[in-house]
Amino acid sequence: MAQMMKAAIFVEPGRIEIAEKPIPDVGPNDALIKITTTTICGTDVHILKGEYPVEKGLTVGHEPVGTIVKLGSAVKGYQEGQRVIAGAICPDFNSYAAQDGAPSQDGSYLVASGRCGCHGYKLTAGWRFGNLIDGTQAEYVLVPDAAGNLAPVPDGLTDEQVLMCPDIMSTGFVGAENANIKIGDTVVVIAQGPIGLCATAGAKLRGATTIIAVDGNDERLAVAKKLGADVTLNFRNVDVVDEVLKITGGKGADSAIEALGLQSTFEQAMRCIKPGGTLSSLGVYSSDLKIPLGPFGAGLGDHKINTALCPGGKERLRRLMNVIESGRVDLKPLVTHERKLDDIVEAYDLFANQRDGVLKIAIKP
Amino acid sequence: MAQMMKAAIFVEPGRIEIAEKPIPDVGPNDALIKITTTTICGTDVHILKGEYPVEKGLTVGHEPVGTIVKLGSAVKGYQEGQRVIAGAICPDFNSYAAQDGAPSQDGSYLVASGRCGCHGYKLTAGWRFGNLIDGTQAEYVLVPDAAGNLAPVPDGLTDEQVLMCPDIMSTGFVGAENANIKIGDTVVVIAQGPIGLCATAGAKLRGATTIIAVDGNDERLAVAKKLGADVTLNFRNVDVVDEVLKITGGKGADSAIEALGLQSTFEQAMRCIKPGGTLSSLGVYSSDLKIPLGPFGAGLGDHKINTALCPGGKERLRRLMNVIESGRVDLKPLVTHERKLDDIVEAYDLFANQRDGVLKIAIKP
Amino acid sequence: MAQMMKAAIFVEPGRIEIAEKPIPDVGPNDALIKITTTTICGTDVHILKGEYPVEKGLTVGHEPVGTIVKLGSAVKGYQEGQRVIAGAICPDFNSYAAQDGAPSQDGSYLVASGRCGCHGYKLTAGWRFGNLIDGTQAEYVLVPDAAGNLAPVPDGLTDEQVLMCPDIMSTGFVGAENANIKIGDTVVVIAQGPIGLCATAGAKLRGATTIIAVDGNDERLAVAKKLGADVTLNFRNVDVVDEVLKITGGKGADSAIEALGLQSTFEQAMRCIKPGGTLSSLGVYSSDLKIPLGPFGAGLGDHKINTALCPGGKERLRRLMNVIESGRVDLKPLVTHERKLDDIVEAYDLFANQRDGVLKIAIKP
Amino acid sequence: MAQMMKAAIFVEPGRIEIAEKPIPDVGPNDALIKITTTTICGTDVHILKGEYPVEKGLTVGHEPVGTIVKLGSAVKGYQEGQRVIAGAICPDFNSYAAQDGAPSQDGSYLVASGRCGCHGYKLTAGWRFGNLIDGTQAEYVLVPDAAGNLAPVPDGLTDEQVLMCPDIMSTGFVGAENANIKIGDTVVVIAQGPIGLCATAGAKLRGATTIIAVDGNDERLAVAKKLGADVTLNFRNVDVVDEVLKITGGKGADSAIEALGLQSTFEQAMRCIKPGGTLSSLGVYSSDLKIPLGPFGAGLGDHKINTALCPGGKERLRRLMNVIESGRVDLKPLVTHERKLDDIVEAYDLFANQRDGVLKIAIKP
């Protein structure tokens, strides 16, 4: 008989609860990981609220830190007992999408054929944990395509140090990578939640020398300063676009990274950038987006708008952990709280309501 | 006393007329060109209708073919009498914008500082002829920053063969260049007016092997076939998005080039592309643009949206004329009519109303 | 007891012979292919001569066209009986190298640690067939990492039409892709053997409009003309560098593709390119290469030198077959001869000595 | 009668001396700059020794910091009295080369037509000061194409703070920019003279997190640590290639920047990089370069070799000064000495013999 484990499952809108589930079987290309630390993401809150639909009974969560318990017969190059992480997005690197430069997007293809105005477009993409398959807020998780997705944690790094790598750091950094940053650039990063903070750190790593961090929360702006912001703007106190134009001598920023997902922040990003500039969007939007005609130069502005889903894979994760290990970026300030898996209902409540200065919560099974 | 010349000037909305104007003086970095052939652009029709504001009395037109009459004292490397073209956009290559990779956008900077919801954003950019300075529908035109903008016409090419280079071909081609085309790509080109036809030709030159040309006019689709389209879709007869998904096995096109400037065509382009794909926009839009949530993957689709203004400069034009000279692309089918400068009022009428199968009209001073 | 098959094996320097071998077992990520057509490559001739060392008894050949006979238990998305090809290079797409943008180079890493002046550097890279594992000049071949490497052949394409895809076309095209070609470029392609001919076709597909093909064999130059060369130079009759400088007005070509692998051709390529230009090398060199100081601008020429190993993977192959299917490029003229597998010894002799106008030989088990 | 000024001129091999020369006249696109600080470069030492030929009587030096004294009639956007710098390389941004992406290389074209084995290749490129026209080791210098090349110094930056921008910093940084650095890369920087030190700082700015600085001088390695090196290797004590392979687990570095210009350092760089890696060369070589076969993977290693000449232009310099102003990089440790222009003979002696821990000398007219 299958052994059982605890897992946080989606029961119905408004209810995520701890339940007992069988520990999954391991196929030839899988790996079974014992979770030592995981966390809650904004997307999980959308799932909790029923705003993003998943199957009832699915284990939620997509940010694993843990230990290999069992390896599939065809998975080479790892040992049981090894400490690993895997990405929020576990691409199938054999897929056409991956070989074509978009590993996160495998599986979107079939879905795309049903896209239309009436019934929408399901955002599966390469995101599997806590979306298409059981996730990481559990004692164990099964990692598919393990040979491409298990990333060994270097000795000397704690769970908390690498907890942002699977999603938050990878997403924030791709925002910076997609912003076409050159040395000496002025970059505006709009919203300084965990992902925006990582985008700020990423913009610094790419050579931006005037990083303008925008938020309405002074505590978050203070963290942004530590992570690389040269200027912070609290949108409650100043007109962000005016300030950016002032700082750049009327020229506009070289790029803006939009890390929230609202019409207003997208539009603000568009208004901040120069002709020829880049808008790098990390937002998950919930309705049609409007591009304002004037700042868009009526389509003649040589603008670039880039969007991204969190990149995954063991090489990506290896690099992110290398950034941590090198000391270039310290993301520990983002892990503000710790809770037991058994207390996850309360942890969701704390996180969803942004109480107590919470940024991210380490969840311990 | 200054010598006089004939020029087509903007009088008031609805009226462009031939008038007498002084032949301009030549500064140290200018060149005076005697126009042998020019043409009318869709933008000129917007000016005529008063939809795009220019100063009263300005000479319109921005597509010059002609002969050097006089060179500024600091302009080296040319001879008077030489046949040349210049771009619709004549960048100042010494500008910060040009050195920063966006030569067409110099001069937008100052304007940008006044951008806001209320009074819009003036689309000057590097476009000067027939916008900020006197244009080409005249006997003579003064080319600013001549050392960077005069492109000698190779012997053996007629005026008609190079007439598309200053604007139509350069714009259509940048649409293809911005589409991130790889060998073997499927590219949808939406609208087959002169610019869309050039985008089709450009997509072929970059290695797309399934080029899907879309229009509502079967004659234009027939020209598209000649210029490189593998498949043509008349949107009056088929659902374009359905066809594209059918052709690509449900995956979506690698990129789409939007060459019209409507909400509906922009949206269609977005619906045609794959996750990870590129929307290359050439449209000049006249109102805020809506990005439909579903096809946009709610912002998680790894999509790229690129816009462009026609690239200019003598090196760009040299390359475009090389394409013509090599025989790779034959754009003569685009020049369907010829009129004298004196008959330009009638020519505007013919062109604006798309009568008689007109694509472009050669105007002869 | 294992069933047996015929295979061309390396016996000793100077001897490749047909032998009986067991048909291999199929692991969970493998696929067994019944070869319908394969061919001989220049590298195979190096193996035959003992210039490139492989294990005795290894089946040679790396260019498979065939039918799926058996699929590994974990290989999804294919059917037995399906016609497929696989690349000369079958990358492990789960490897760090693949995720890091160099799928062909997985496996080179460990070898690299032993590199030194004395004992050299074994060129394994991702090339497995006929190098590290049994190859394709046999009745059957086992494809590793099948989910990423099997590419279904579109209906209507013959074996001969796709026979160049696994190696020759993929290699020639990457030469063009690595040459940083822009529309209107002048590109010199040095040597018009099968790979050079494909580089010529590839340069045309990327938008070069002055393609200068160089060889010493007028028949090959005539094929080059058909595949896209605008100018052909027989190096026996003219000074190639002088001609290129003449054609480009003293400026030099935008790029040169070196498709032979000699010091002299590499150097010629270097001498042909402009300051700021690219040398795209496809050669397999057999001794240290010398970069001539003057043409290299003493290191100040803003030059780029790019090398490549044949790209593999099902998406690459899908695109190459799409190029064939679209009719853009017809490589049938490259398959000049046909032989039975049983006659492979004679086929090697014919091919190695370039008799009878041979370009490539279709080998039929 | 022309006013006179002091200038350091090349008299004959072994002799650079202070002489009187007329202050130059100002053409329409020129600007006359009163030098407040300049410096001596390694190239100047080559000129002094007669290893790099220039005309007798030419004023040497190419790194100007000063004040605008007189502007040409066509130079807009500056005021006399303004503090400015100009690049070591002052491109003509109207040239074909500049519009084609290689501004530093204008003027190389004509020279290229004479290139051959016997009489070499004159390295003029876009380098004019102290090479083709009078240079900066003087009281005044005439800046050609001033509208593209004069970069105003931000208030609050001293001469010493911006003295590295015209050449050393721009060159070192382009070495990093050409190394295709991604976040998390391992980069080896070979030689930690002034340019190598800037390459180290540049690699950090681009996101490398394991920067390995190599030199034989421990003092320079200590400066490298301050500028971003994670690991320093003194080649007198360790085998550099072995160490790099050890640090990278046998894989090799993602890229290496060669900042010296010897066969041995070039080769070491080649041996350090992974298959698929980049060798970014900043060296000025003095004889044919040899690429070692093994580390080059016989041409099959997917390697990239990029060379560069110092980028110039006002936008480039604006960005570099922005880096300084932001505090990201502090290059004051590179200016170790100060001398009067009158004492330049002694300054050359000090610099050429690397006495007294000299890195760069501020020269004050």
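Should a chain be cited, it is by its letter among A, B, C and D, assigned in written order, with residues numbered from 1 in that chain.
Here is the rule we go by: a contact is a pair of C-beta atoms (placed from the backbone, for glycine too) under 8 Å apart; a residue touches a chain by one contact, two chains touch by 3 or more.
Remember, it's a predicted structure, so these values are computed and weren't measured experimentally.
Undergrad: Using the stated contact rule, I'd like to know whether A-D or A-B comes out ahead in C-beta pair count.
TA: Here the pair linked by more C-beta pairs in contact is A-B.
Undergrad: I'd like the Å distance between the centres of chain A and chain B, where a centre is the mean of that chain's Cα atoms.
TA: Here the centre of chain B sits 40 Å away from the centre of chain A.
Undergrad: Multi-chain contacts only, two chains or more: what residues does chain C have there?
TA: Answer for chain C, listing residues that touch two or more other chains: 96, 100, 318.
Undergrad: Can you tell me, using the touch rule above, whether these chains form a line, ring, star, complete graph or other shape?
TA: Contact pattern: complete, every chain touching every other.
Undergrad: Quick one: in the complex, what on chain D touches chain B?
TA: Of all residues in chain D, those touching chain B are 27-29, 73-74, 93-94, 96, 98-100, 103, 145, 147-148, 313-316, 318.
Undergrad: For the complex, give me every residue of chain D touching chain C.
TA: 96-97, 100-102, 104-105, 108-110, 112-113, 115-117, 120-121, 123, 125, 241, 245, 249-252, 261, 271, 274-276, 281-309
Undergrad: Can you check the complex and tell me which residues of chain C touch chain B?
TA: Those residues of chain C that touch chain B are 173, 177, 182-185, 202, 205-207, 209-210, 230, 318-320, 322-323, 325-326, 328.
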